[in-house]
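Shared chain: chain A. Partners: chain B in the first complex, chain C in the second.
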Partner chain A sequence: MDLSLFLQLIVNGLMSGGIYALIAAGFTLILGVIQVFNFSQGQFYMLGAYCTFGIVTSLGLPYPLGILAALAAMFLLGILFHFVIVQWTLPHGFFHTMLVTVAFSTMVGQASFLTFAADQGLVEPVIPGTLNIRGITLNNGKLLVIGGAIVVMVVLYYFMKTKIGTAMLAAAENKDVAQLQGINAKRIFWVTMAVGSGLCGVAGSLIVPVLSATNNMGMNAFIRSMLVVLIGGTGSMSGALLAAFMVGIVESFAFQYVGQLSLVAIFAFAAVLLFFRPGGLLGKPLPIPGQ
Partner chain B sequence: MKRSGHRWLVFVGVVAMALGLLFPAARNAAAQAQDVLKFGSLVPIMTKEGVEIKKWNDLFAKMANEKGGLTVGGKKYKVEFYTYDVGYDDSAKTLAAVEKAIHQDGVKYLVNNFGDHYRLTVVHADQNKVIDMGVGFGEETVGTKYQYFFRPLGGYYTAASNYLISRDFVKKGAKTSLVCTIDSEMGHVVAAQYGAGDAMAGLKLIPPVFFGMDTVDYGPIATKVKSLNPDVVDFGAAIGDQIVNLVGALKDAGWKGFIFPGAAINPTTYANIIKRVGPYFDGSEMFYNDPRGIPLVAKDPEMKEIIERYQKEYGEFRTEGCLWLQGWFTVKDAMMATKSVDPAVLKDYLAKGPKAPLSLSGYSQLYARPDIGQYRTTDGGPGNGRGVVKNEKLEYIGQITTKDQYIATIKVHKLQDVYQKYWDQYGKPKFPNEPSELDFSDLNK
Partner chain C sequence: MSKTTIGGAAALLLVLIGLPWFVNPYVLQVLILTIVYSMLGLAFSLTLRVGLPRFDVAAWWGVGAYVTAMLVLKAGVSFWLTIPAAGIVAVILGWVIFKIVIPRGMMVFLLAGMVLTMATQQIFASVPFFGGWGGTDVIPFPTIGPITFADKRAVYFLGLIFLGTNLLVYKVLLESRIGRAWTAIGSSLGLASSVGVNVVRYRMANVLIGNFFIAVAGSYLVASTLVAIPTMFTFTNSINVMMYVVVGGMGYSLTGPIIGALIVTFIPEYLRMAKEYEPIITSAAIILIIIFIPGGVLGLVRNGIKPWLARRLS
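On to the complex of A and B.
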């Protein structure tokens, strides 16, 4: 294989991985702390993208404001989602909660079809242009996405070491014991849902200058981010980041050589890896009841 | 006396109620049977195309009714147009809409369909003797199995679109072509058809690249395309954001060449491409869908009146729906020619080589398909404007005529002998009077 093509495929994989990592960050946080397999995570990402598109294109406000607005809007929607839906099903177990998130995702998806389907939202490139290093091309917008993914992961890593982050981990470990230690688990749970949803909003914001906002973008991205979280390990930020780049690279090479079967290649990669490491690269196995 | 009076009151009340219920129903039934033409249209309202087709449908009904109705055989009929939401290729929604249209609303003509699950529509329309001006690819719908299905928008006779556009690219130095499109039944059919048109223009074909509908990042696709090094990339059946992202990714990958973005490009997609890549898109060629810039259409008095009325009614002129309206004009012309509104009479007329009606994108003629043993004229060759991007603006450069579509399609499929036998028996089609790029003599070149 041509060396420049090989390097280009690696770079492509890292760029795709940056996108997946951003979406997976909120997902793995919620799954790790509240133990909710949130199927609507992709829809928060889609809504974040449209929110930024609306702020920048319709209102003509600066792009950074669009990011902040998406963060705030999805943070609030996350709180609403938690109090109106999730908190009522949490006592009934993992699968009940997962099912309501599927229902919520479907409702948001259908509503977005009716609201946005006729519109493809694209914000003008924030940093236009492409870097070209000896024939290897790197889109500036995607570099921003990779940078954003790394920053988000690092911030989350240190956030989890703060008092509230430690409380989150404690509540995730054992809600009842955490409460005996004076930790308000209910508050921790809604804060986690809000932060996880807000992160998805930021992911959508960072993507929208690179890829247009569409009503089906959430579900497409969610499938990859789900694999990223499973491969990386539940609740592990560094695992998610590592897995995102791995999935991106596998997909990049697979598309070059097996074309449209690349998604099958990713699933095969995940299956083999999870066979040997059921808990993922750096995490623990999924909290399946009875196991 | 008191009781008797009470009975009379009850009697009068019951009679009045019965009359109240019966008379409007009877009047309504009579009106429906004799005076009302019920048209239906199956579209995804969630798309810009669907929204626009509905606006045109409403306008056609309004304009006809303002003139006292549509005059057929000296009699005036009120036009009712029902536009149904069918999602996009959604079988459940299509079935629900078709059943409502035929069995509840009494629709007799399904026209201007776009995005319906057409295989379902054709079955129900045919069983209920409802004219179906459908869309789609493949051969089963236009074959001998169905009597009431016609495809004025084409699906087979479309080779000239690619041929003429690729021929321009060849003149500019292109030698190889690659179709990069969605991995679906439609994507594969379109890839084969578009590839055939490219080959006829003299381009060497590189095997197509298919990508999933669930693609998130288009970088790997662009890298693969670049590594295959085509001079022309053709997006086939790709739509909306896919096209925007593909063009953007090709630019990022540093690929340089000619782009035909496929048939499904609309003004929003176009604007987003320009927003994303700017002058990089210059030199690309595609369909030109604005009837105001297509001389053949803009000069026609009927079309001119419709266009002006649209602008008066809705303000900003949008072109997304203009490509999908042949069904209305085809059925209307058939009614005028036969002086009948009976679907059975209309389908017989349409199956015998009717005169090509003009619509907002050009003439669209129905042809037979002797290659599959279909000698009724069921399959259309749609005319379209052709445009090139110059300084980030799309300029009209010529018309792809229905005659071009017919001849190019026969030539790319190498069916000259099959068609010659058909022409010997039935005669050659009589094309509309418009200048074409191709003639029958080109079949043997």
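On to the complex of A and C.
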């Protein structure tokens, strides 16, 4: 394989990885802090993409505004989702809440299919053209996605160090003690949902100049993000990050050689990894048996 | 058992047996599907008993169906022999996989289940031997002597036998020492472990028994559809089983999934006229049921309707 193809596949992989990292980070946050298995995580990603597409193409506004719009819209949708639906099932337990997110996911999927079916929205690349390094051509748009994803992750990192971010981490570790320390648990719930959804919204807005917004992009990305969370170690954000890029790159190379079977390839990759690092990539090597 | 229970059971049996002559063939087909889904739901419910939510149901269902279809088509094996074969294959494959997964805990099991569902669907679709996305060829109608299972009513009764056997085995297990160990693991894992219950081993047994019956449900499905196609064994099926259990009532391991399957399968049928809006309405209905009837239908009956009736009649 020549260097050009190799680097392009790496770029593709890092691009997908960046997206999976954002979605997985949001998912892990929601799972860890408020113990909700948010099955509709992927749909927020899809809606973010369509939102940006709509803002940029239909309203003709500049792309950065599209990103902000997606972030704000998904942030608000996450809050709405929490107050209208999730908060009523939380007292009934993990499965009830998970089921409600499944039903919501189906609802959103069908509703968006009916609304957007005709539109497969591709936004104009922000910096069109390609980058040329020593004769190797790399797509600018894709590099921008990688850059954007990294920027968002850095922002997230510093957000987790703020007062509210630390409160979220404290609540994740031990909700009761956190409340004893004066942390407003109610606020943590909707903030977490909002941040988790917002992350997906941004991911969607980042990818839309490169890959068109489609109806099943949400579930497709969500499936990969599940794998990322599985490999990275449930509850570990840094593990998810590393796993995301690995999954992205494996998928990219697998797609080149086996096309649709790339999904099976990453499943196999995940299986092998789990066999040797069952606690996740950066987690404990051996968990308590039978837990 | 009290006289009312026996009377009630007898009445139910009469209704079930008489049903095919009072409903149209379409409804009968939906009932057949409901029987299959009930068996899947029962397996989910069984594994929930040990604190593990299993999302791999569609995978083993597919394995069972494909084993049956392939054995009949390629090896000319009688349909009836493929039923235990399907179960055994699912148990062996399950053993290999769960040996690695179960010791890793609930969350890994949950995620691995989902991955398994998708992986098996992909494999069935991609490996040419299984017929690809178009699925297998059509198998001939199974027969027992003069009875050909071309008649939906015959398939329906066969289903009742499958479901009944499944229920019986689960009931016996749940009331045995094994069942008590399972309940202990499900209610308090640390405590169970500390008194010497081998959590991993009991969980393995539970999951593998479920595998057997899920695969058998797959065989039964092929008796009805006569074919195995990858698109029949989707992620949605794996997720839906949880819905049956919650809608039916999580505290009711045996009856909950059946009631839940009935409700969740029939709601979309009654909403057919809404066409493309149907998934939205069904999902909304499910959300409302989960929020307002968290104990499930059976929970509502026991905690809501029965006391109300008792007050009214006293």
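In this text, the second predicted complex is superposed on the first by the 256 of 291 C-alpha atoms of A that agree within 3 Å, B and C clash if a C-alpha of one lies under 4 Å from a C-alpha of the other, contacts with A are read in each partner's own complex, and residues count from 1 in each chain.
Note that in this section a contact is a pair of C-beta atoms (placed from the backbone, for glycine too) under 8 Å apart; a residue touches a chain by one contact, two chains touch by 3 or more.
Since the model is a prediction, treat every value here as computed from it, not as a measurement.
Per the definitions stated earlier, placing chain B and chain C onto a shared chain A by superposition produces no clash, and the two fit side by side. In the overlay built on the shared chain, the residue A:T234 is in contact with chain C alone; chain B does not reach it. Contacts of A:G182 after superposition on the shared chain: neither chain B nor chain C is touched. By the touch criterion defined above, A:M98 lies against chain C but remains apart from chain B after alignment on the C-alpha atoms of chain A. Computed from Cα centres after superposition, the angle at chain A between chain B and chain C reads 70 degrees (steps of 10). Contacts of A:T106 after superposition on the shared chain: chain C is touched, whereas chain B is not.
Look at A:T89: by the touch rule set out above, it reaches chain C but stays clear of chain B.
In the overlay built on the shared chain, the residue A:G60 is in contact with neither chain B nor chain C. In the superposition on chain A, A:L114 makes contact with both chain B and chain C. By the touch criterion defined above, A:A270 reaches chain C but does not reach chain B. For the pair chain B and chain C, the least inter-chain C-alpha distance in the overlaid model is 5 Å. Overlap of the chain B and chain C interfaces on chain A comprises residues 114, 223, 260, 263.
The residues of chain A lying in touch with chain C in their complex are 37, 39, 85, 88-89, 92, 95-96, 98-100, 102-104, 106-107, 109-111, 114, 223, 226-227, 229-230, 234, 260-261, 263-264, 267, 270, 274-275, 278-279, 287-291.
By the touch criterion given at the top, residues 2, 5, 8-9, 12-13, 15-16, 19-20, 113-114, 117-120, 122, 124-125, 130, 132, 135, 137, 139, 142, 210-212, 214, 216-217, 219-221, 223-224, 248, 251-252, 255-256, 259-260, 262-263 of chain A touch chain B in their complex. By the touch criterion stated above, chain B contacts chain A in their complex at residues 44, 46-48, 50-51, 183, 209-212, 214-221, 223-224, 227, 240-241, 244-245, 248, 251-254, 268-269, 272, 275-276.
Across the complex, chain A is touched by residues 48, 53, 100-108, 110-112, 114-115, 118-119, 122-123, 126, 185, 189, 193, 199-200, 203, 239, 242-243, 245-246, 250, 276-277, 279-280, 282-284, 286-287, 290-291, 294 of chain C.
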